[in-house]
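This report concerns only the one structure given below.
Labels run A, B, C, D, E and F following the written order; every chain starts at residue 1.
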């Protein structure tokens, strides 16, 4: 008899469900607005990214059997679907931008549409930047043998493509979606580039795992980074009440042609002059002039 | 003629299959018990985690269209399914706990059921801890703008949620499943927290890639870590026969409110006093008192 | 009326599609050959790897309900399917090997077949190496409790299995596929081992995130590495025109029984003598003799 | 050269696409309204039906592992999702009801919501009718052994459940969706019941293939039909211009307890009196009184 | 305000869920036993059928790229999986056989195993019968051009294969599963053969839609049927209380080499003598001698 | 001990696999050619049909959210993919056409390509015929309310679309694929139209279950059929050796504007004159002149 009850009520579900509701609504409430808003969806964003990647490099990221006569249909169709989905996700994201007046909610649909159209118009410029990144990879890694290898096997290039897309959305006014995309890239590649960072053409990260680039970093042209490089903030400015000031410029500026080797940590609003090389594992918190060559002093004990 | 034979026997499959059987059963046997036991399944665990995440934060990790009247049904259903699956995976895992007497196999089903029920009863406490982690992220990162951004885009928070679940299972007596969950989190986020570690409320990891926290580490409240921080063992104690002693206390203790910056390595059973700050890339193997501020001496050569 | 046009032409698709075609074919063309070649497919490779993993360890990576009478059928079937797919992917990859004369294209199908057959014949040797890696993990990590835990929960072991497969393909003459596999492993585990590296039996990486092992590295038997270890190149040799010389020997040699702790960076064609230990975060660019014990000098300022 | 062109333009896609556009927009246009309306989706309807079936008979059509404590969560969740989807499909369908004024389009969302709520409120009455149908099957077929066999293996019962749902939607004002559901049932079971037909409790069709029941047919209680029975119209009334008059009463009335054997054809607005039996293959176009027993005269030639 | 409530409680879910529970448990209860039993699953059965079909005709129903060396692995693996699943489904079905004593439940697992083993042992005999059916199709239809066309495009042959499998399970003691399979075939092909029917080798149904063959029918060798043929019961014998007597012999016996054309209805325990031909649409309720040629008298009015 | 063996060898798989091989290769061999040929795939054909349906009626069978600017990309992409797949399936089918010389195998690829191109060129004509069928449905069924209802809910129209596609392939020289498509339609709709039949514009089948139209039938314009109508062969001509003569003209000719009601059977190479009406269940084996009105004499016994 006890067994039968046990069989049919194994987990005290009603109690657990009630406890969780109480946690959501009273004791550990995290929702600040009175109303549920539909959140952007990771699954939808991954599909959208698949569509945009396929539009930019149809034979590498789309279908390998495309022909001259079918390729534009493929691109147009992939884009048409991806842009429709993107518009919906942008709309959902607008609720989370502090700069958006929720009283304007009725206009969010049209606003999302507009942002999406602007994004679409930038796609060939985005592609141009990515091609410059691919060329940087081809010339920067002695192990690289072809453009195809780079598009298929280089996580740093995958991270760069995600960044180029996320940055465009960030600038257009969709920061939550941009961050979501950068996190998807981070999860796949181990490279964490904040979409607010500004990065010039010809950008290459080799290996990539552990690279972190902060929100206000500015990188010139032809920057090359290796795994585990941090371009971070030294400290976080606080206001008089001790609250963090959001958005302050706090990350490094790298001028053109800088190379930073694996594990180096560059912190604060400093400037690395053009053509400088920062050695592996270096810890750097002060600006250096152009053409500097910084390396870690070696101090080994047997 | 040769072609035909070639076409139909391209890979010498019977030979390869026989070689692999010989490898499994004789030359490179890794199975120690006489009998095959059904192993826990990664796919099942990922589904279970999906169900538990959805139960804890239904609109963020479940469905975005839930209403007040549908949300409890959603939570109860997601939990009911996840707990059933979890009970089966726990049962499978029991065979791998050295502390379980295989003679007691007949009781594993009921034991798994009991563990699952206890886990269910802890879910709202687990949620409370996770909410404290989310709040720590919101106050600890100047770039964070909303709870939703944190739940969707912060790998450190995702790693913390996985850890909270895995640690509960670890304590209840399901260490293999707990490790499996921590490895799933590691693969997604680059953060590797052993489920045996003890971590207080308000835990936040920023960026996260490369963080490693060992099995016997103890972290107080409001700990903040950055990417690539290691809380590891300095050496592994061996017994008289030179075998590693499993389970010995060998990882650091962090008191409340400690902050450790990117790339720092803290090794051994040392104590970092409350409110201390450990700088980036610091290598630390000795205890430091409360309110310490440790940073790497900079030794740069041009 | 305007609305209607807007509704039906929201994204100026024809313009965007035309711009992207122009970018592909004129302004930012990356295709060097006149003809599209079918590229290897990540999805196909992931299926192939699933099949090979399942063939090597059927109950861990295949089905958990296999019996003595069904296991060989399972292995033979999984292999038969995986090898067929692999042969097709190898064929596609042959177009990207600089050493292949495209005039020989007609022979690529038979060549791919041959390579696949040779790969199949090596599978039990590959399994033997992997079993040595598993045993190294079991004896090298005090937290490890069973072979099953290691196969299911150790990213370093997963990376090693991927490497063993990729290296075999690399040696047989399929470098693009080998790289593709190493990148899939990198994405899952955070461990980046170039398939050209040579690694002896009993290889173990603990935690693993951020490990990088370069193309020409040579590792002896029983090597143990921790997270974020780099075995990299110091500089890239250039030819007289300033172009990188591809393929030169530029990565370290590790003799048998070397251990390298977390975050250490070992660069250049140096030799680490047998039985040496390299401490965490060490930066090493010169050879060390056998039985060396290198650790970072600690220079901390308060 | 020709080959290359052929390879890249195998199908003259631009010509075919242009021809199809011309066919759609000019020569064979079938769209009467100026604007595309989103159509109901077969895939969505099949999911909705799955959810409703599961809500009505949770262990037969939902999950077989439900317990007393989980079953209501399962039902509530399945219903919540299905009703949300249904509301959207009803909204789409409203555009196709001639009785709906398209000027009222702005109210379609609320109207669909209302219809869905009314449908939800009828679900337990619908279940009661279906249970009467199941009991009729159990008592009417000597081969039937259990309720489970009937729910799982009787196409006539499956058709009846589909009809009960479709008829409720038809009455509530969603005729297109109702027809769509009846066609889904037809495709699965070979039984074609127009959702406009009125059928009393205890309805049973055995075998079922080829049964057709017309839009204005009225069936009393405890009707039993066999395969290939037609309850059709004899002729279609036309108006003065020779156009078919839609909706006129033109199908038979069956009073309570009528049985009609396989292949019988009953046409026109005739009445079959209570308790009558119509034999196999009978062709009937005139009313018959209660308790009639009609059979085909047998005229065989050797 | 009303809107908000409406938004969050659109469907009165708690009321509907409570009503449905009441319907299930009180007003329209259909469950007779006190305990829920796990029901056989249509999805599982469809997978099992896929596996058995693939085992019997590997290149037609399995994979089209099998080779001499891979085919046995494919068959063994497909069978191993299918038989395991079948054993579980048979076990579930045992609860529904009136002849099984529920007190024997503990033995159901072993019993299901035994039945499955016996079924496996019969598979090559089943294949022999199916090949005789295929040959009958090839010689019986002037439009048939190859064995492959018959296996891929003939619903009557598909129905026959399903029947051969279902009948074997029926004889072994798994009538519910057998019925379930016959219903799956019915849904796909429109042919409804009760698994209890006994049918000799060389059986062919052309077109097939609407064919019904009853539980106690006996068909000799080389029977050919066309669409819409019914081999049914004339009346259902009742016991003294007016209840249907289940299982009584009530369907026709067809001796060898009988042909029955489209739409003919043959009812009751009559015998059609060897080599007889029954014309289209004939209605037959009396036995006929061997070599009879029965056709419908034609009575047409202009 | 016995149990353990039983556990691991439950099904005597090696014996069953060997028996099945023997059945395939010796006792019940059905393969006539020495070599396995890759068979057309039902799954592939269903995808191809999905693509062609979507190309012909993009908003009904493709995506419901298409706009004026996206629709041609959608159509071009869906067609490009479907035609590529079709070409491969046609190639496979060529091996089964008796008229193809297997010595010409090397040319099959180009031949399949050619047939596919011709098929593509006919698509807009096919669409024109289908639109005429839709209009016939709209004017022929008093219950029909819109073109959308007809495209979504009328199995007879679905069968007609399948037939139009299959017939085009049949004429182009791909009879096996054509038959395969007609069988897919048969399974979904219960309507069995041989692709060799010739059918004029404005063709409508109502309800449809059980309709059979033979290989050499010829139907004029504006034919209307109801469920269970057979247009079949009376007898099959044999050659002097008693073998069926394949391909002989043996099915009816229907002149324009003929209507045939449910269940009528029309057999043999007879002609039904223009504008004739054949009543339900009529059995007709002789030609009738134009404007005939044939109905079944009613012979009822009480």
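Operating definition for what follows: a residue touches a chain if its C-beta (ideal position, glycine included) is under 8 Å from a C-beta of that chain, and two chains touch if they have at least 3 such contacts.
What you see is a predicted model, and the numbers here were worked out from it, not measured in a lab.
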Where chain C and chain D overlap in contact partners, by chain label | A, B, E, F
Determine which of the two chain pairs, B-E or E-F, is joined by the larger number of C-beta pairs in contact.
-> E-F
Taking shared numbers over all numbers used, above half giving same and below half different, the chain B and chain C interface sides are different
Using CA atom averages as chain centres, what separation in Å is found between chain D and chain E?
-> 24
Mean-CA-position distance for chain E and chain C (Å) = 51
Compute the distance, rounded to whole Å, between the mean C-alpha positions of chain A and chain D.
-> 50
Among chain B residues, those touching two or more other chains are 10-14, 17, 65-67, 69-70, 72-73, 75-76, 79-80, 190, 209-210, 228, 263, 281, 296, 299
Chain B residues touching chain D in their complex are 63, 65-67, 69-70, 72-81, 84
Which of the residues in chain D come into contact with chain F in the complex?
-> 10-17, 19-24, 27-28, 30-32, 36, 38-42, 92, 96, 98, 175-176, 179-180, 182-183, 186-187, 190, 192, 194, 196, 209-210, 212, 214-215, 228, 230, 232-233, 236, 244-248, 250, 263, 265, 267, 281-285, 292-297, 299
Footprint of chain F on chain E - complex, ascending | 55-56, 58-60, 64-67, 71-72, 75-76, 79-80, 83, 87, 113, 116-117, 120-121, 123-124, 127-128, 131, 134, 139-143, 145-149, 152-155, 188-190, 207, 209-210, 226-228, 262-263, 280-281, 296, 298-302
Touching chain C in the complex, chain F uses residues 7-14, 17, 67-70, 73
